[in-house]
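Letters A, B, C, D and E mark the chains as written, and numbering starts fresh at 1 in each.
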């Protein structure tokens, strides 16, 4: 799992049937210094997150099955909205 | 899942039997700034995407099963053609 | 598997039901020189590790099943707390 | 899947029994500019590829099952020998 | 799979029960130029490899099942000790 910031959304004109009605978020991973990487991940949102939210994103078949359901053609899922975090001295 | 731009196609002389008749696209992931990474992914196309299209690519066994079918020897699949996206301030 | 240093914790306000009661640690991978990468991984802790501990993190469905259980929506798990390690000349 | 160039072979003195008789190739991924990355992947060859060939490498359990068989202790497999490819303007 | 150099070992005070008695090696991937990356992987050793050995490391559930067994909470496994390799001109 990783922690990232929701930076946007996207819409698909043509898409796999199993994505119908799913909200797709653009999320940027956060590094230890609090910076955001250039990398952009598209994750399915099952928790009603929105731009600006800091979220936890997990990847995997079981994750998907336990959250958004087995018939979704994706396995990057927003599984938490971060309330707070604490970083010690590195 | 990630968002990228279709930049080309490729053809294989000899290939696994289960790739016969499948269209393979060369796709470059897009970063948060809209740039394209140097990395080049070969994805199976099930949506009739073409060069210049911005697409969503997913990776996984279930993804493949739900879209191009279980007997395809690959699990990077174009599962959406992006219609629009919205990036907030990072 | 990789070796890293626990640098913090995080809490989620809204989260997948299957994460309830799970401790989530922020872990930074360590490189061969002993430095920590900028990358930050969120791992489920099943061994009561804490900030400052050097841990071994594994990723996978079976790993999770064998440690924290099959119904956890994540597959990055702290599976060891490092007691010592020995690096030869590279 | 990704596209790369076969740059060599390797042999193992002691190895997992299920690798016996398998040809292992060293392959370097190719980037969008045609350069090769420093990264070196070891892939099982089921198509009789050789040094200099541009190949398609896939990764996954099903890929392996559909090509070199389920009892091979690896899941990076050469599944195509590239005949031609076309890169549009990026 | 990838090729790397064994650079050390590590021991865990507290660890998942399924790691008991398993030897864990620190391995650094090798690049095309023969250099070692900064990245450090912890792999289970089933072939009695040691510091200085050049090894092949595979990742995956089936790999683990076929080599060290299904009940090991890890899926990075040393599956070969390299005897020789040949790199052509790139």
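Annotations
The definition used in the following text is that contacts are C-beta pairs under 8 Å (C-beta built on N, C-alpha and C of every residue); 3 or more make two chains touch, one makes a residue touch a chain.
Quick caveat, the model's predicted, so the values are computed rather than measured.
Common neighbours of chain A and chain D, by the contact definition above: B. Each chain gets a centre from the mean of its Cα atoms; for chain C and chain D, those two points are 31 Å apart. Chain centres here are Cα averages; for chain A and chain B they lie 19 Å apart.
Shared interface positions of chain A, defined as residues touching 2 or more other chains, are 61.
Remark: ring traversal beginning at chain A, heading first to chain C, gives the chain order A, C, E, D, B. Touching chain D in their complex are the following residues of chain E: 1-3, 29-33, 35, 46-48, 56, 58-63, 66-67, 77, 79-88, 90. Chain A meets chain B in the complex at residues 5, 7-19, 24, 26, 28, 36-44, 51-52, 61, 64, 70-71, 73-76.
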